[in-house]
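In what follows, chain A forms one complex with chain B and a second complex with chain C.
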Partner chain A sequence: MPVLAPLLTVRRLSLAFALPQGGRASVLDGLSLDIAPQEALALVGESGSGKSVFALALLRLLDRHAEITDGEIRIEGEDLLHASDKRMQDLRGKTLAIIFQNPASSLNPIRRIGRQIADVLLAHGERSADAARRRAVQMLARVGIQDAARRANAYPFELSGGMKQRVMIALALAASPRLLIADEATTGLDVTTQAMVMDLIHEQARANNMATLLITHDLALAAERCDRIAVIHAGQLVESAPAARLLTAARHPYTRALLTATPHAGSTLANLRAIPGQAPDTAAADLPACRYYARCDRRTELCKSLPPMQTASSNGAHVVACHHPL
Partner chain B sequence: MTVLFQARGLRKAFGNGEHRRYAVDGVDITVAEGEALALAGESGSGKSTIGLIMARLLDHDEGEILFDGQEIGKCSARRAAQQPWRAQIQMVFQDAGGAFDPRLSISDSVALPLRRLSHSRGNALTHAVEDALDRAGLAGHLFRRKPHELSGGQLARAGIARAIALRPRLLILDEPTAALDVSVQAGILHLLNELRRDLNMAMVFVSHDLNVLRVLCSRVMVMEHGNIVEEGPVGRVFASPAHPFTTRLLAALPKWPRSEGLPHQLPGSALIIHSQ
Partner chain C sequence: MNASLISFVLRRVLTVLPVLVGATVFTFVVMRLLPADPAAFLASGPGMGAADIAALRAKLGLDRSLPVQFGLYAWQLLHGDFGHSFVTGNPVALDLLQRLPASLELACGGLLIAAVIGMPLGIAAALRPGSLFDTACRALAVLGGALPGFVIGVFLIYLCYFKLSWAPEPTGQIDAALSAPRIVTGFLVIDSLLAGNMTAFASALGRMVLPSLTMALFALAPVMRMTRAAMVTALASDYIRSSRALGLPNRLVLRYALENAGAPLITMFGLIFSYMLGANVVVEKVFAWPGIGAYALDGLQAADYSAVQGFILVVAAVFAAVNLLVDLLCGWADPRIPRAA
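What follows is the complex of A and B.
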């Protein structure tokens, strides 16, 4: 496989929220990762780990209490953090697009779905309203909506959860983005619907030479659907590796603990273990350098004071940030 | 095997006129004492409706329900609250936060059903409340907190504590861990299994998550469109499903890669993944 220049490059991204009661929460801490063109990368973490904030930071959709304190984000070489608001509006949809967990609240409830897709097309350069409407129907057909011409006139409430997510995908794909971010896009759907939606995302990514960033709490889904998995804990990226390797040869104690907590086809209750403690309060003044410190069974004093370096395996594919990896 | 609970020919419809649909359409269920039974299915399959009917919180249209040999399906769900067997069948809901009165402390909430159904008062009541919360693994300093001051995992434990405080013989759990992170979920699954064993309580787990049901239950019933389409020991049904719907459900689960044959495997790092 030829080595391609990364599509997305994130370096040392740190982000803080100003808290209403004063003080700041350090939500992302020195996060670095790349996504190659056409690559499917999963960012896996538990609730509160910062994975959704990361997605919103890529799109610069964070609210005014969030401040990027350090680092850079580049897509196709372009500096996203210094792009103008006008430029960001162009990039959203055309270069980066996102689908969220809850399609019901992401779709406009009082606008027909065909019109919503046409709106995106019109915002991204289509001039004729008729042509936009015709292409919206084609988009709906492409994401597997049966009888698309008629369904284009439906309101979101007339569609099932799986169909609404298909509409969201059609909306996200409307302007042919280079990177599709799926933020827990199938969470809450039935497994059979989840499999269909994931198949659709995969097909569309392949057909359009699009990279995907799958943000999920589900390691099994990440492993099945992505080339590579990055694991985030309390705003710090702890490990990234090719998917199968991460599941079978995890090196970070947190990744290992997460795997041991995840039930799957080979699990028994006896080999399933909870992770003790909880992620630290990122607003605390005395956060340890490695935020997994308090929960870790391999911790030493070093982990408290010195941030672990990201070390890569010989071929660079497996990266772990830990003083005492497995 | 001693039969604890038996339902025959259960039917329940929702809606009126041409919109009338059977959510549960002729279902037979038997639960043995101390058994862990899984009720699996997708959204809209009728599994939660069955859970509510079994707990006698929802009236059914047709069918008979026997608990410990006694017919309990004749009285309405409304009057079920006054029946002597009410304490013996309890339910745990998915949204533990929404199932607690936000104005009451956790221990006051756990005390309510005890006061009403077992008529305990004073020290005996305090003791029973604390015992239930202890058994559920909730730390003592959290007992007096309000629901909004607890995490999702702590609330799940509180919900379980309230249900077991009455020492029920049958516990129905509807997606008890669906909203929890896996790191927290694993602890709740262990807790439920221990409680079932220690208190000899039968449990019916209603869930769409086959991997959770697999580790927790010995028998599974698979539901589709209000019907049980397959039933049997968990190991057998999951290894070789007979009904096309069960096959489809299992095939849709994300695959977990096997550890064999992968390059650069580190010694000792993969054994946690596979049990055999």
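What follows is the complex of A and C.
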């Protein structure tokens, strides 16, 4: 398999929120990550770990309290952090697109769904309104909406939750992006619908040669659906590895703790273990260099003062950031 | 669709009836609680004695018991008779009908100016919440809300008429020397335009400026603040974030937000319009505007029962009509609102 130049490159990305009561919270700390073309990568972490902020940073859709303090984001070689607002508008939807968590509120409630898809097509190069409308119907059919021509005239409130998420996927796919980000795209849907939506994302990604970034708190889902998994804890990337390897040979204490906290077939309640403590307050002035320090059973004084050491496997596929990996 | 629309309107009209009945009873009672005697007021000439006043009371039916008086009034109302004004001597219905368009014209003019100025300011403030501009708008709104309408009106007359001579004299809708155009809409500005009478149009428009500006200053603060609030809510929503994430151009994103702010804004304009009809009373008096507000104020001073009661009924009916219109427009602006519920 030829080595492909990465589609997305993130280097040392650090991001801080200005807090209303003063001070700053360091939400992302020196995060580096690659996604190859057509690769499916999962970014796994607890709520508050910064994974959704990371997705918004890729799209430069952060609110005005957030500031990127360091690092670089490139997509297809292009520097995103220094792109003009106009250029960013072109890239959104066309090069990288996102599906958000809550389809019920993420669709414009008072515009017909066919028209919303046509709006995206018209924003990204389609000139004829008629053609945009026809292609919108095709897009709806493509994401498995029955009777698409009639459904195109429906308003979001007339659709079920699963259908709305299908429409969100159709919107995200409309301009054929190279990278599709799914930010907790199935959270809040029932289990059957979840599987259906994941299948759809998977199948569309393959059919369109898209890379996917799946952002989730669900390690089992990530392992099932993705080629590679990156684990984030309190804004620091702790480990990334091919999915199968991460499940069997996790090296970071946090990843291991996550795995023992994840139920799977055949596990009993006795061998489920909750991770002790909680993620540190990222606004604290005395954050340890490794933010897992307070919860870790392998910590030493070193972890407090010196940033975690990056160790890569011989082929470079498995990277862990820890002074005392397993 | 059309049949359901008609039944919707009919049902709404039926629900308004109890309100009108309540308003009738309430004003009837309140007017008679006032320590004023219309007979004494009318018979205040030098040659009038107690016997004359008593005769007048009997003639006006004021010597009967209150329930009987009310029964007679209600019976007249059911036959479309609002009674006669003690002051003008005309049927109250005729007086009100002639004066209502002038009041509506003033309220519409004021609302239009407030909307044209207040909505862009509100939208601009919503786009930069917390900015210097936003703060300045807030301060302006507080100032506008704190000044009573007649103070603004008197100040505008002093400045624009007496000092600068920009404005025509503040005496009514049109220059008394000009003949009014044929009544089509009842709005003098529109009727004179329809008649092609440019002199009358210029005079009517010129005389509308100051009073509608006074009304507009009164409505500006709520229009601005509520537009800002509706837009801030819309702009902070998930669908605006996803429309940005899909690379929609800024103009379209703003349009999404505006369309979603539509129903709350329509409701707001309905409220403010109804409110302005009440505020009209003082402004009409200041500008000698021949509307129903000034009529009611004169009626109140003269204990002119029928005139004030008629005014309240008309205002209640206009409120109801505005509310109905607001509901219909909201159903059109937001598909989630059932149109024929």
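Quick notes
Everything that follows uses one rule, which is that the second predicted complex is superposed on the first by the 326 of 326 C-alpha atoms of A that agree within 3 Å, B and C clash if a C-alpha of one lies under 4 Å from a C-alpha of the other, contacts with A are read in each partner's own complex, and residues count from 1 in each chain.
Here is the rule we use: contacts are C-beta pairs under 8 Å (C-beta built on N, C-alpha and C of every residue); 3 or more make two chains touch, one makes a residue touch a chain.
Keep in mind that this is a model prediction, so the values were computed, not measured.
When both complexes are superposed on chain A, chain B and chain C sit side by side without a clash.
In the superposition on chain A, contact is made by A:A274 with chain B only, not with chain C. Look at A:A261: by the touch rule set out above, it reaches chain B but stays clear of chain C.
An angle of 80 degrees, to the nearest 10, separates chain B from chain C at the C-alpha centre of chain A in the overlay. Of the two partner chains placed around the shared chain by superposition, chain B is the only one that A:S47 touches, whereas chain C remains out of contact.
By the touch criterion defined above, A:P20 lies against neither chain B nor chain C after alignment on the C-alpha atoms of chain A. Of the two partner chains placed around the shared chain by superposition, neither chain B nor chain C is touched by A:G316. When the shared chain is aligned, chain B comes close enough to touch A:A223, but chain C does not. With both complexes superposed, B is the one of chain B and chain C in contact with more chain A residues.
Superposition on the common chain places the nearest Cα atoms of chain B and chain C 16 Å from each other.
Under the contact criterion defined above, no residue of chain A touches both chain B in one complex and chain C in the other.
Considering their complex, residues 42-43, 151-152, 181-187, 189-190, 193, 208-212, 214-216, 238, 248-249, 251-259, 262, 264-266, 268-270, 272-276 of chain B touch chain A. On the side of chain A, the complex with chain B involves touching residues 46-47, 161, 190-195, 217-221, 223-225, 243-245, 247-251, 256-275, 278, 313, 318, 326.
Per the touch definition, chain A reaches chain C in the complex via residues 59, 61, 89-94, 97-98, 100, 102, 105-111, 119-120, 123-124, 155, 157, 168, 171-172, 174-175.
Across the complex, chain A is touched by residues 237-239, 241-250, 252, 256, 259-260, 262, 333-336 of chain C.
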